[in-house]
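Note that the chains take the letters A, B, C, D and E in the order they are written out, and that residue 1 is the start of every chain.
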Amino acid sequence: MRLAVAANAQYVAQQLADEFKKQTGISTELIVSSSGKLFAQIEQGAPFDVFMSADMKYPLELEAKKLLLEKPKIYAYGQLVLWVPDGKASPAALKDLLLSDYTKIAVANPQLAPYGQATVEALKKQQLLTALQSKIVYGESIAQVNQYLLTGAVQAAFTAKAIVLSPEQKGKGRWIDVDDSLYSPIAQGAVLLKSSRVNNYEDGRKFYAFLFSPSAKKILAAYGYK
Amino acid sequence: MADLQPLWLSFKLAAVTTIFLLVIGLPIAAWLSESKCRLKPLAEALISLPLVLPPSVIGFYLLIAFSPANAFGGWLVSWFNIRLLFTFSGLVVGSVLYSLPFMVHPVQSALQSLPRNLAEASYTMGRSKTETFFKILLPNVRPALITGTVLTFAHTLGEFGLVLMIGGGLPGVTKVASVAIYNEAEALNFHAAHVYSAILLVISFCILLTVYTVNKGRTNKRVVI
Amino acid sequence: MADLQPLWLSFKLAAVTTIFLLVIGLPIAAWLSESKCRLKPLAEALISLPLVLPPSVIGFYLLIAFSPANAFGGWLVSWFNIRLLFTFSGLVVGSVLYSLPFMVHPVQSALQSLPRNLAEASYTMGRSKTETFFKILLPNVRPALITGTVLTFAHTLGEFGLVLMIGGGLPGVTKVASVAIYNEAEALNFHAAHVYSAILLVISFCILLTVYTVNKGRTNKRVVI
Amino acid sequence: MISVDINTNLKFADATELSVQYQFQSGEISGIYGPSGAGKTTLLNIIAGLVKPEKGVIEVDGVVWLDTDKKINIPVQRRNIGFVFQDYALFPNMTVLQNLRYAAGKAADNSHIEHLLTITGLDRFKNEKPDNLSGGQKQRVALARALAGKPKLLLLDEPLSATDHLTRIELQQQILQLQQEYRFTAIMVSHDKKELSALTTNVLKIDNGKIVNIGTPSQIFGADRTYITLTAKVIGVENNVAQIEIGDQVVKIYNRSGLVVGDLINIGLDTIDALITRK
Amino acid sequence: MISVDINTNLKFADATELSVQYQFQSGEISGIYGPSGAGKTTLLNIIAGLVKPEKGVIEVDGVVWLDTDKKINIPVQRRNIGFVFQDYALFPNMTVLQNLRYAAGKAADNSHIEHLLTITGLDRFKNEKPDNLSGGQKQRVALARALAGKPKLLLLDEPLSATDHLTRIELQQQILQLQQEYRFTAIMVSHDKKELSALTTNVLKIDNGKIVNIGTPSQIFGADRTYITLTAKVIGVENNVAQIEIGDQVVKIYNRSGLVVGDLINIGLDTIDALITRK
């Protein structure tokens, strides 16, 4: 069965797929891309079964286009973190970003990525946005923001907690939580696609059910999702 | 060890696209090089036009065009049962469209620079335009033909935005090396991305080096000292 | 109404890149066309190599190279105070590297097909290699020069992956039209995306059509009937 | 018979009109003579079908090749011609032999091709590409190639101008012989009166696009009155050279016509470019 | 004096050696004569510096241009030469006038260029591109262009082969006149004995890459014994044509040397390509 997944959730999706296989013996192909691209492809009949988006905008849009078998459901709430590379003292608060240590700060494009939107919201609330404006560079997605940080192109990045908690990235740099009162919740929706009916309907439905099962919840929580 | 299938797919796509472009592009180049038709500049401009939009945007528009829900895509399915979305054939069609100018323009410009009486001499020998083209004109623009072929091949290997958009990155079907590298890089598996890139570069480099070495010593310059 | 700044940035980037490539690419093409050096095929292969990787991957490697945290990028900053990440200059450097083969190869292959005694005749007149190149050789490969220029210009307009990677999408600095179109399409603002695409296409089409119309009637074919 | 009646503008510099009405004899070699820029090459191009005149009719042995009024225009490919281009137009991608084979087409007659290579002295060079040949060698390839397809109509645009004296005379003989063997019709542009005198039965003299004189070579060139005729006696023959006695002077001539010792001959000499010294 | 002593392989077909040792006189026109493929063009290319011989020395008026042993090799650009290429090598992107201007360089002498255009009869065509010219017109552009820069050394590779008789003779006169005016040294390849006789003071005859004869034109061509000399009287002069009487025949000659009525002259005629008819 084919699982289309937004880049921020790619690690956890892999873990979920592994667990799903253990339980049902059904293997899962992951197609990782940005939510927007996946949306456009699904709209034109891409042969995916389940789509894990980074937000609720695309799932609702798909529903409006009558491409779903069920109403979209929220599988997790994403958490925003501030990530800095090794060798820098971790900032105690967001306002530390004003220090000259941080020449460039990566933020996901708020127009496209829910994490970017949350970042802007948080910075605004702390009245830091204008002061930091000249330092900010935009990544197309959370994934690019991460690349900017790991390649040393920027000295700080706002990313998803799921990234820094993943076994793959654990221990790289330091991070602090962004207080979740500073931004509206990042609701991430998953959908069961109509195209699944010609594809792997049974398997798709099973995975979709599994995604909202307690064992999946546990895995999601381990990646910092609420 | 990295999965080698995306690399194999990439080379297959590049090869098939190049072959198609030789078949389609050369007649177009031939026509453009000798046509005095008023519409010629229009045709030339149209051929270069796809370059102007980013591949992912072209891909987006092709996605819409090829969709069975829309007129063209629906027609393809109902009349020929051809599906171009999320299939290898679709990638070929997209790449052919996008790389067309890389094949057509270099060959066309070289043909235009040939002395005209080469073709004329061949005609006096009773040879048709087609035969003249393949036996006389084309062999005499060999460097340009190689340029066109290499640019097309390399560019298709490196094509990404378009392929991702209309291919959907399905493993074994449309997930070519460029998509795989991109995915690995997005997953922050820089090591895997480096490995893919390195293999792609090494193989391509060997191919390119072979082509250029075989083609060496074909300059018509005398050693001027 | 769409914000026109990205379009303006795109054309600026394409123009600057094309100019740089004329300056850098033509001498390289000249050298390659007449060199009998053993390393020539190597140089030719190297020039084509960047094409093989998707622009976004090239962008990724440039990101690593230009990053102030790394040797080269750090050296650029500390010695020359040049920053290539998230700046317009960086986009130019990247585009120049990536589009190099589009300028070099067509011109080189055309130069190789020129009769050698054109250059020789010019030398007997006491003219230097440079003067011969610009006054005799280049004007006689005009179609190829136009091909190279058009391919470079159009391709840079449509460049996206690389620009996105090392540009950082800064409005007015590095957010070119291709990025803007992409963003709008991903944000489901299809209308804005269509408008940008349409403007880009129409302007480019006019430019291309003008170039090809002006250059028309330069075929050396006689009307054979 | 090849009857030509055409009118067209020579487009460059000043718009002179090329206007020729003439009937070339079939199975013979006709000559075209005239100054540089007169329109000789253009006329051959029109007969070949490479250039279309604004107005005109060309009829070859009863078949209409061109009639601008009736919109008839047989394409060059179907005219079965051989053409020696003034600038050779050899195919650079093919060796000498391949050039000839290509011209001969599918029904290539190998012994014919070998023969052509031999008489043009190109045997040693048959595997060379044209770029590696000297000027005269290239021109000989162009001649051999035009003959390779055994054309019905041979159009020769100064086919021997780059060859040396002896080669030239030998090739003239060979053209004559081949023409007698295959009976093709030929039209030859040349600046060399003696060449035209030796090969052609009639000459068309054009200047500035117009016919200025028509006739046998001796009528045409005799009218210039630059010929003197002397009487001589053959006193020796050796290969294709004959020794003759004119008054008290003994000189050599090229023996084209199988002279034998003792023959009395008339010898015509052109004085236009004689070497003059005051006494 | 241009002393040439070179050895090199003619690379194609069979590896013949081109081996020439000769001293061309400064301020005069020398000729090179020999069959097609002998190595004439290659020799000019070597003197010009366009081809480097395997071994050799070239010294021009005391300056060493080439010495392969001492690794001296003055680049072609600094040799101050004019070159008429056998296949013209005109610049297709430039008009006739621009071709000449380019050759003349910065110090272009406009009246000189105008003069060259006039004597080569190219005035009307000066704004045409070479592709629009006839064969003979192109060749005349090549000649004018080689002279445009007032070179010290002029290398002419069959510079008049595509021109008609009268043009040819006129241009020969013009070359002689220009040479007398500017006193350049010239080396001319030609297949035309009369041309070499009229223009050159000495001729180098080569065959198969080797010198086979050296001498004045009459020594070289006299040795062929194909010349007869007749006595004649000038009976009329009109422009550049003279009428002469030989025995009872009256013919025209080209008046190169300012003959006047009543002059007695010797007239040398080449019999090698005479028109022969049996009595």
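Please note the rule applied: a contact is a pair of C-beta atoms (placed from the backbone, for glycine too) under 8 Å apart; a residue touches a chain by one contact, two chains touch by 3 or more.
This structure is a prediction, so every number in the text was calculated from the model and none was measured.
**Student:** By label order, what chains touch chain A and chain B together?
**Tutor:** C
**Student:** Work out the mean Cα position per chain and let me know which chain is farthest from chain C.
**Tutor:** D
**Student:** When the CA atoms of chain B are placed over those of chain C, what is the turn angle between 0 and 180 degrees, to the nearest 5?
**Tutor:** 180
**Student:** How many angstrom lie between the CA centroids of chain B and chain D, rounded to a whole number?
**Tutor:** 49
**Student:** What whole-Å value do you get for the distance between chain D and chain E if each is reduced to the mean of its CA atoms?
**Tutor:** Whole-Å distance between the two chain centres: 25.
**Student:** I'd like the Å distance between the centres of chain A and chain C, where a centre is the mean of that chain's Cα atoms.
**Tutor:** So the centre of chain A lies 36 Å away from the centre of chain C.
**Student:** Could you list which residues of chain A touch at least two other chains?
**Tutor:** In chain A, residues 37, 40, 144, 147 touch at least two other chains, as defined above.
**Student:** Two-or-more-chain contact residues of chain C, please, as numbers and ranges.
**Tutor:** 60, 115, 120, 123, 140, 182, 185, 220, 222-224
**Student:** Note the residues in chain D that touch 2 or more other chains, in rising order.
**Tutor:** Expected reply: 50, 75-76, 87.
**Student:** Over in the complex, which chain C residues touch chain E? Could you list them?
**Tutor:** 115, 117-118, 120-128, 135-136, 139-140, 142, 220
**Student:** Contact residues on chain C for chain B in the complex?
**Tutor:** Against chain B, the touching part of chain C is residues 33-36, 40-42, 44-46, 48-49, 51-57, 60-61, 101-102, 105-106, 108-110, 112-116, 119-120, 123, 140-141, 143-144, 146-147, 150-151, 154-155, 157-161, 178, 181-182, 185, 193, 197, 200-201, 204-205, 208-209, 211-213, 215-224.
**Student:** Spell out the part of chain E that touches chain D in their complex, as residue ranges.
**Tutor:** The touching residues are 11-14, 34-37, 40-41, 86-87, 121, 124-125, 128, 132-137, 140, 157-158, 161-169, 191, 193-194, 197-198, 224-231, 244, 246, 249-254, 256-257, 259, 263-279.
**Student:** Considering only the defined contacts, which chain B positions touch chain A in the complex?
**Tutor:** 60, 63-64, 66-69, 85-86, 164-165, 168-171, 183, 185-190
**Student:** Looking at the complex, which residues from chain E come into contact with chain C?
**Tutor:** By the definition above, chain E touches chain C via 48-50, 75-83, 85, 87, 89-93, 102-103, 105, 131, 149.
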